[in-house]
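Chain nomenclature is as follows: A, B and C, assigned in order of appearance, with residue numbering initiated at 1 for each chain independently.
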Amino acid sequence: MEQTKTLKKKRGLLFYISIYRKILIQDLKSKMSYRADFIISNFGMIISNMSGFVTFMILFHNFPSINGWNYYHMLFLYGFSLIALTPVQCFFDNNWNLRFMVRSGDFIRYCFRPINVFFYFISEVFDVKGLGQFAFGLGTFIYAWCHLGIPVTIVTVSQAVIFLLTASLFMIAIMNAAAATCFWIINSGYVMVIMNRFRDFAKYPASIYNKVFKFIFSFIIPIAFVAYYPSLVFITPDNVPLLTWLSPLIGAFFFYLSYKFWMLGVRRYDFTGS
Amino acid sequence: MNSIKRLTALTRAGVMESLQFRLGTVVTLFGNLIYLALVYFLWKAIYDSCGSSVVNGMTFYDTMIYLILATAIFNFLEMFIIWDMSRSIQSGEIILHLLKPMKYRLYTFWSYSGTHLISFFLTFLPTFIVVMIITKGAIPLGWNFLFFVISLTMALIINFNIDMLVAPICLYTESTWGINMVKETIVLLLSGATIPLAFFPDSIRRVVEYMPFRAVYDMPLTILLNKDGANTMNGLLSMLGTQLIWCIVLTIAGNLFWNHAVKRITVNGG
Amino acid sequence: MANEVVVMKNVSKEFKVLNRHEGLKGSFQDLFSRDYKIVKAVNDVSLTVEKGEIIGYLGPNGAGKSTTIKMMTGVLEPSSGEIEVNGMVPYKDRTRNSENMGVVFGQRSQLWWNLPLIESFKLLRDIYMVPEKDYKDMLELYKSLVDIEPIIHKPVRQMSLGQRTLSDILAAFLHNPGIVFLDEPTIGLDVSMKAKIRELIKGLNEVKKTTVILTTHDMGDVDALCKRIIIIDEGKKIYDNDIDHLKNYFGSYRTLRMRLEDGTWEEQVIDEKKTDVMHVIQETQKSHKIKDIQLEEISTEEVIRKIYEGSKAYE
C-alpha cells in the first residue's frame, strides 16, 4: 500500500453528525453500565428540580405577583427556562471537566486528530440527567400554556420551537466562555459555579432590573434571553420588543463568540501540563 | 506542641495556595456582587408588587441582606471536599493521606482552613462592606459581630461534618454528582439560604427548625442581623447552644461513619 | 527534497514563567507581581528526518524533547524558526497535518476509556476516513504481527499498562500515517512487553515504511529500533548521527569488569587510547585477588552519558 500524498479530506456537517452519533451512543452505553451512579444522578436532578418548585411555591405563597407577572406567567417563564437550559446541560456538560484536563495536560489528546478540537471535546459527554430537567420543564410549560389560554396553532408551535432553540444558545455561550477561562486562570471552577448560579435568574422577568443591569443581563451575561425575551412572544403577543425578534441572530452571534474564545484558549495554552 | 505546629503549618500552606489563585478570588468577589444586584432587583420588584413593606416579619432590606450574606457564607463554607475526596479515592491518592501520621479528617479540615481564612477576608468581608454601603448601614455593628464569628465557625464545623458524612456515601455508591446535588439542594433549601425560613408556611417551618441545616445559615445570619430570637441574651445563648449541640452530635456521627468508611477503603485497596 | 519528512530550521521555543517568591510574604507579593522570566525550552535546533527512518530522540528530563514533539505535531507554535512536516507547517495546518500523523504519549491513552478496542478502531476509521479495504488490510497486518485476540474486545480501562500501550500504538498506525511520534512508549513495562512492542514498531516500519520519531530513556529501545539518534540537552541539539558512528566515536572505550575474591564485581570504563587495560588489572591486583575478567564494548547507555557529560564540559 502506497502512502498517498495528503489531500484535505472534506469533513462536512454530515460527517460531524455521524461521528457525533457514534461517540454519543458509546458514551451512553458506558454511562449506563454504572448503574448506581446513573440512577442516583437522575434522582439528584429530580430533587434539584423539585426544590426549585418548592422555592417557587413558597415565594408565591407570600407574594401573589411580581411586576405584573402573575403565577401562571411566572410558571410559563419557569418552564420555558428549564427547557431552554436543557441543551447546555445535556450536550455541553464536558465543559465542567475542561479545567481538570487542561491542568493535568490530558487535554492534549484532543489536539491530535483531524477533527475540530471543540467538537471532539464536547462530543465526548452526553448528560442523561438533563432529560429529567427537560421533562419537568416541558410539563410546567404546557401546564402554564394551557392556563394562560395561549392558542395552539402552527404559528405558535413553530415559534415555540424556534425560540426555545435559540434561547438555549445563550446559556451554551455563557458556559463555553466560563469554561474557557481555565486556559488563563487557575480557579476557573468558581467562574463556572457562579455562571451556573445565574441561570437560576433566567426564570425571572428582566423587567425587574434598572437600565444598567438590564443591559448587563441582556448583552454581557445574557440570561435575559434564556427565557424572558422569547417568552414575550407568548405572554404579550401584541407588544413584542424588537430584541425578541432579533434573538435568534443574537444567540448565534454569542455562540460564535464563545466558540472563538474557547478556541483562542486552546491556541494560547502552553500545554506544559505534564 | 507538635500538633499545633502541624496545624498551623497546614493553615499556612492553605493560605499560600489560596493566594496563588489571585484572579480566582477576584472573580468570586465579582460574582458575589453581581448576585447582590440580582437579589436586590428581584426582591425590590417582589416587595413593590405586593403592596406591604413587611411580609412575615421581613422587610425588603431584611430579605435582601439575608440572601446576599447567605451567598457570601455559602462561598465561604464551600469546600470541594466531596469532589476532591472522590477524585482522591479514584486515583488512589487517598491511601497516601491515610498513611500520613495525622488523622485524615483533621488533616482535611485544617488544609481547607487556609482557604477559609482567605475567603473570609477577601470575599465575605468586602461583600459585607458593600451591603452595608448600599443599605446605608442597615446591619447593626456591635457585639453581635463577635457572636456572629463564633456562630460562623461552628457553622463551618457543622457544614464540614455534613460533607464528611456525605462523602463516604459517594464512595459506597460510586456516584458523586447525584449525592452532592441532593445534599446541596437539601442543605440550601432547608437552611434558609435559598429563601428565608421566615417565608416558609408555619407547619413546614416548625419541622425544619429541628434539623441541623438551620444551624449552618439561618442561625449565624439571625445573630448577625440581630433578628428575633437573637436579640435577647437568652435567645442568643440558646442559638449558640443549639449550634454547639449540633457540632458535637455531627462530629461524633461523622467520626463513626468515617471510621467505618476507612475500613472499606482499605479493604478495597483503593 | 521529496524524501524529507521533517525539516526543522533554527527552531526555538520560549516560555514565560512567573518568578515565584518564597514563603508567606512571597505569596502575597506574587498576588501583585508581574515578574516573569523567559525560559528557552528549545534553543536553535535544526534537523531533518527522511522517510522511513526510525529516529531516537534522547535527552535528560526537561531537555526540551516533549516541547519539540509538540511543535512537530502542531500543538505548539515555535517562537522562532521554521518547521515543516510532510511539506506542511504543522501549527498552521493542524487538521491536515493530523491526517497523516499518529501520536502516542506513553502514559496518556488517546483511546476511548470505556470502549472495547475494536470500537475505538472503528471510530478512528471513521474519523480518519480510512477506506474499508485499507482498514481491513491493516487489521490483518496487526494480526500477523501481534496477538490481538486477548485485547481486541477489551475496554481500555480494563487493560494492563502493557496492553494499553500496545493498543495505543496500533491505534496510532491504523490510518497508515506517514509519520508516527512515540513519546516514551515502553515506560513502566516489563521486559517481555517491551520486546513485543519493539518488534511491533519495527514490523510496522518495515512493512509500511512509516517514519518513526521515538523519544525514550530506555537504551534497549534505542538499540533495538534506531539507526540514528538525536540527543538534545537544555534545549540544544548536541548529537545527531547514526548509532554506529557513536560506537566508532567511542570505539576505544571498553568496560572492564573484574570479579574479586569476595565474589563482587568491580567495573571501570577505560578509554584504551589513554589507559592501558593491563595496567589497571595490575593495579587492582595489588590490593585484591582477581577471579575473573570481562572486557566488553561500552554500552550505548554509557556512551550517551558521556555525551551528556561532554556537552557540559564545554560550558
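One rule holds for everything that comes next: a residue touches a chain if its C-beta (ideal position, glycine included) is under 8 Å from a C-beta of that chain, and two chains touch if they have at least 3 such contacts.
The model shown is predicted, which means the values in this text are computed figures rather than measured ones.
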Of the chains shown, whose Cα mean is nearest the mean of all protein Cα atoms?
A
Which chain lies the greatest distance away from chain B when centres are computed from Cα atoms alone?
C
If you tally C-beta pairs in contact for every chain pair, which pair wins? Let me know.
A-B
Per the C-alpha centroid definition, the whole-Å distance linking chain A and chain B comes out as 28
Taking the mean of the CA coordinates per chain, how far is chain B from chain C in Å?
50
As a quick test, compute the distance in whole Å between the mean CA positions of chain A and chain C.
43
Going by residue number, chain B touches two or more other chains at 20
For chain B, which residues are in contact with chain A within the complex?
20-21, 23-25, 27-28, 31, 34-35, 37-38, 41-42, 44-50, 55-56, 80, 173-182, 185-186, 188-189, 194-195, 199-201
In the complex, go through chain A and note every residue touching chain B.
34, 36-37, 39-45, 47-48, 51, 54-55, 58-59, 61-68, 129, 184-191, 194, 197-198, 201, 204, 207-210, 213, 216, 221
Chain A contacts chain C in the complex at 1, 3, 6, 8-9, 11, 15, 18-19, 22-23, 26-27, 29-30, 33, 105-106, 108-109, 111-116, 124, 267, 270-272, 274
Partner chain A, residues of chain C touching it in the complex
15, 66, 70, 73-77, 86, 88, 94-96, 98-101, 103, 105, 108-110, 112-115, 119, 122-123, 126-129, 134, 137, 155, 176, 178, 208-209
